[in-house]
Each structure stands twice: as structure tokens, then as C-alpha cells.
Amino acid sequence: MMSFTFDTAAALLIVAMGGWIVIVPDVTRAVIGFIVYGLMLTIVWVRLSAVDVALTEAAIGGGLTGMLLINAAGRLRSARPVLRTDAPVRFIAALLCAAVSVSLAAVIFMLPSPAPSLAPLAVENLQQTGLGNPVAAVLFAYRALDTLLEKVVLLLALLSVWSLATVGFWPGLPGLRPPALAGSTLDFLARHLPPYGIIFGVYMCWNGASEPGGAFQGGTVIAAMWLLVMIAGMRRVPSIDEAWLRRSLVAGPAIFVVIGFAGMMVAGSFLAYPPDHAKLLIVVIEVALTLSIAAVLGLLAAGPPVPESRP
Amino acid sequence: MTVVLDALTVAAVVIGALFFMAGTVGLLRFPDALTRLHALTKVDNLGLGFIVAGLLLQTGELLVALKLAGVWLFVQLSAGIVAQLVAQAIVQSRRRS
Amino acid sequence: MSGEALFGLVGAAVIGIGLFGLVTNADALRKLLAFNVLSSGVFLFFGVVARRGAAAGLGGDPVPQALVITAIVVAFAATAMAIALLTRLFDRTGSATLGDSSTDEGGDA
Amino acid sequence: MTDFLVLAACFVMAMVALGLIGIAVRGPGVDLILAVQLIGSGGTAILLLLAVATETPPIIDVALMLALLAAFAAVAFVASMPGATGGKVEVADDSRP
């Protein structure tokens, strides 16, 4: 009973915040609203017993996406104001969107019962992977191809961001610049927060085999700490053609592919693991992926190479 | 024994929750950004401290207790420094306007 | 009504809200925000399906949960790319909308 | 005990919601970032309460993640404020074509 009250309160808050993000006139307020919304969703995911998703949502939905949007809102502050659509159009749009919502809500009550579930199968085969976290088993064993291709998608996204470099600035420095207020407090923060953050990121990656967590969550935390150090101006933003950077970007997917092909020889099919060494191989992949994910996400958030001084 | 522990937990969590209420009241009632920041950071972190203290009494495992305490210490560190940073930004934006 | 059905309704509501923001805001950054709100609603649907599939001692079906983790990461990559495109558009034209660009002075966007 | 802890979580969430409403009705300004601070401390408290109430220790990790990334978002906001960017730029020339 009590927990239903809690769920109702969380549900109302989420819907109210979603509405606020969409209608508030000022972009900066909408962006802050979105960050709070993302962090709030974390609690909903915990209530849905999806702790792995909650970790990802807090790290990416709230933190990194928030930083991207904040920087974009800051950069576009001087953009010409935009007229909103006319009231009648908005009214019709609201009606149609409400219709979409109502039909989706109806779907929720028409879901098949008992619900189809792959959970028993996932648990049954968990033994073979040597892992304790079924979500990690799905990501790195049952549906490893999806995860591998997702890494490739991340790299492609980074390539397309980089290809928006200003003419004549290839290879250059990503658009992230330390602010002028970089002073003692920011320095202090960038000295004292990242050590704990990085330990937490490594813990996430290490723990991911048996408990909620994993390469995504760990990599995101490490990316956030790296960005923090760069924002504070403690470390230079790396030029996008530096060898160590390129190597850490491709290390994860490359090791993943190599182990995948090795699986063809040893275990009979692409990305199959020999049963005795499955856990070891998955941990190796996870460690390499954590590094690559940290590099890709950090660079995606840092943006394309830009000229040195911005107007 | 359990009854005593439970009573202590209830007391600590209630005090913590009341601190959160105080923080929100400060946030709603204080006149300017700096005082609101002060209310929010100090009071909410104290509230979190009381809640963690109450929860510590309910955990049997050492590792869980250590993690709970670790979260509180971490929030102390990060919220403290971030509050300083936000305060600087507030002062700066005042100077400009 | 169960907790997961409640969050399913939240997902439905949030999808509608996001869709509304997406079609009524001309400002591209606002469209992007609305799109992220919309996709969070879709993720919630997956979460509800996963929760309903709780079995074998798990709190939810791990397959939809793993899909959502992948989706959140890809949504971030897509957002990063959209923002890079948008800031480039702004640098060239001084405008941050996807509307009629015939009056913009940059031209080639 | 479980019901009490969830009740406390409800209460803290109500306080967070009230604080957010307070920030939302106020105009734009630096103290918008207080909303992120608020969800950082309040959300951490809610998650810790849920972790102990449902006896799911991994939720403590989520609380830590929330606190860490809320601090990160706050720093990103302060760093992007008007007037904060544009001055100090550190660039090494050796990487230029």
C-alpha cells in the first residue's frame, strides 16, 4: 500500500516535469528541467526492479546528456528568438497527441497475461556464461552481437561529429574549453572528485559480472570524470589525432571482434565462447569496452574540433 | 534489542526527514540565491546524514554499512565543493548585473 | 492497479507530451529535448514489459532491460550528433531552427 | 519497518517536489541549478531508503551514481554560464597544421 503511494507520487512528478520541459518558455530552464527529470527517472527504474537501467539512466540520461544540452543551450543563447506555432495548431496537436497517449495507455491494459518472459531461459543458461548478473549475460553472451554493433554505432556517431569540424581545423581540438572562472574552487573539485569517481567507475565495471553495473555504467562515470578534469583546465583537451586516443577508441570493439572470430574457430560460431573460459573472455571484453566507452562518450560530449577562439 | 534499534532508526529517519523539510522551507522562503543555496546544501546534507545513520542500524552486513557511510561521505565532499562553485557563480552574475 | 501498470501510464503520457513538444516547438534544441522526453517514455514501456516478465527469481525480464541500456547509450550518441549539427548550423546561419531558411544569411544550410 | 522507510521516502520526495515547484515558479537565474542540487541530495536519500526498505543493496550504487552525476551536471552548468567561457583558453600550437 505504502509503496503504491510512493509510485503514484513518483508518477505524478515525472509527468509534471515532462510537461514543464515541453512548455516552459526559456531553453535553459527546460534543459535543467530535463536533467532533473533524468535523475528522477532513475528512481522509477529502481521501482521497476531494473537496477542496471537505473544506473545507466542516472549516468547518461541525467549526467552526460545534461552536460551536452547545457553547453548547447549556452552556445545558442544568442540565436534569434523563434516564434511558436499558432494557438489553433497547438490545440489540434495537443488533441492528437492526447489521442496517441490514450491509445498507448489502452495498450498497457491489453498486454498478454501471463506475460511472456525470457527470464527463465536467461537464468537457466547463466551457469554456462559464468556470470551472476543476467543483464550482463544478455549484453555480452546471449545478444553479444547487438552490443558489438552498438559499439560500432558509437564510433560512427563520433566520426560524424568529428566530420563537422570547421574547414582547416582537422585534426584539431574538440570544442570543449575551460571557462574563465577556472579558479581555486574548480581546481579543488577537479583534484578531489575524480579519484573517487574513477574508483567507482572501475568498481562498476568489475562488479558488473555479478551485480548490477558493467562496462556502460563504469565507462560513463570515467568519461564524466575525464570531462570534469578537462573543464577545470587541469588536463589539455587532446587533439583528435593523438595515437593513444585513437587506440583507446578502437581497443574495445577490436578485442570484441577478435574474440568473436576466435569463437568461430574454437566454439563453433561467431561470438561464441568456449564454456570453460566464458567468464574470463567476457571480463576481458568488458574491461576493454569500459576504456573505449569512456573515450567515445567523453569525446562525443566534447564535440567537433573548432577554431581556437570563439566569438 | 531489535525494538531499541528500530526505535533509534525511526527517530533518526524522522529527524532526517524533518531536516529535508527545513531545507525546502528555506528554499521557498529565503529572499535571495545565496541564502537559499545555504539552506539547501547544509540542511539537506545534515538530513541525509541522519537518514544514513538511521539506516546503518538496520543493516546486518558490514559491506552494506560501509557503502552507506561511503555514499554519505561522498555526498558531503561533492555537495560541499559544488555549493562553493555555485556560490561563486551567483556572486559573479550579481557583479555583472 | 499495479505499480508497473501505473508506470506504463506514465510512459504513455510522457510519449504524448514529448510528441507535442516535438511538433509544436520550432526551436531545434527544444525539439531535441522533447524527443528525449518521448524516447524516455518508450524506454518506460520496455521497463513495464520487463517488470511484467518477472520470473525465475528475477525482478524483471533481463532481455528488455538490456535492450533499454543499449537504447539509452545510442540515444545519447544520437543527441550528441544532433547537437553538433545544430551548433554548426547556428555558426553558419545564426539561426537554430529547422523552419524556413530562405531568410537566413548563411545560405547553404 | 519497511512501510515506515517507504513512508519516509514518500515524505522526502514530497519535499523535493515542493522545492522543485518553488524553483520552477521563480524566474530564470543562477539558482536554477539548486534544482539539481536538490535532486542530488533528496534523490540520494530516497534511493538509500528504498535500498534498505526493499533489501536490495545494489540500489546503494545507484544512489552514489546519482550523487556523482548530479555534481557533474552542476559543474557543467556553472562552467557554461555567460561570462564564464571565452577567457582562458589553453591550446598547444604543435597540433595545428
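Which chain is which? They are A, B, C and D, in the order written, and residues in each are numbered from 1.
Operating definition for what follows: contacts are C-beta pairs under 8 Å (C-beta built on N, C-alpha and C of every residue); 3 or more make two chains touch, one makes a residue touch a chain.
Source: prediction; values computed, not measured.
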{"item": "Most remote chain, CA-based centroid, reference being chain C", "value": "B"}
{"item": "Distance between chain centroids, defined by C-alpha means - chain B, chain D (Å)", "value": "12"}
{"item": "Inter-chain centre distance, chain A versus chain D - centres from mean C-alpha coordinates, in Å", "value": "17"}
{"item": "Chain C-chain D separation of Cα centroids, rounded to whole Å", "value": "21"}
{"item": "Chain B, residues touching no fewer than two other chains", "value": "74, 78, 81-82, 85, 88-89, 92"}
{"item": "Of all residues in chain A, the ones touching two or more other chains", "value": "3, 47, 64, 71, 73, 181, 186, 189, 193, 196"}
{"item": "Of all residues in chain C, the ones touching two or more other chains", "value": "none"}
{"item": "Set of all touching chain pairs, with the criterion as stated earlier", "value": "A-B, A-C, A-D, B-D"}
{"item": "Sites on chain D touched by chain B in the complex", "value": "1, 4-5, 8, 11-12, 15-16, 18-19, 22-23, 29-31, 33-34, 37-38, 40-42, 44-45, 48-49, 51-52, 57, 60-61, 63-64, 67-68, 71, 74-75, 78, 81, 83-84"}
{"item": "Partner chain C, residues of chain A touching it in the complex", "value": "3-4, 7-8, 11, 14-15, 18-19, 21-23, 27, 30-31, 34, 37-38, 41, 44-45, 47-50, 52-53, 56-57, 60-61, 64-65, 68-69, 71-73, 75-76, 79-80, 82-85, 89-90, 93-94, 97-98, 100-102, 104-105, 107-109, 111, 115-120, 122-124, 134-135, 137-139, 142-143, 146-147, 150, 153-154, 157-158, 160-161, 164, 166, 175, 216, 293, 297, 300-301, 303-304"}
{"item": "For the chain B and chain A complex, residues of the former touching the latter", "value": "74, 77-78, 81-82, 84-85, 88-89, 92"}
{"item": "For the chain A and chain D complex, residues of the former touching the latter", "value": "1-3, 5-6, 9-10, 13, 17, 20, 24, 26, 28-29, 32-33, 35-36, 39-40, 42-43, 46-47, 51, 54-55, 58-59, 62-64, 66-67, 70-71, 73-74, 77, 168, 170-173, 177-182, 186, 189, 193, 196-197, 200, 204, 207, 211-213, 217, 221, 224, 227-228, 231, 233, 236, 239, 241, 308-310"}
{"item": "Partner chain B, residues of chain A touching it in the complex", "value": "181, 183, 185-186, 188-189, 192-193, 196"}
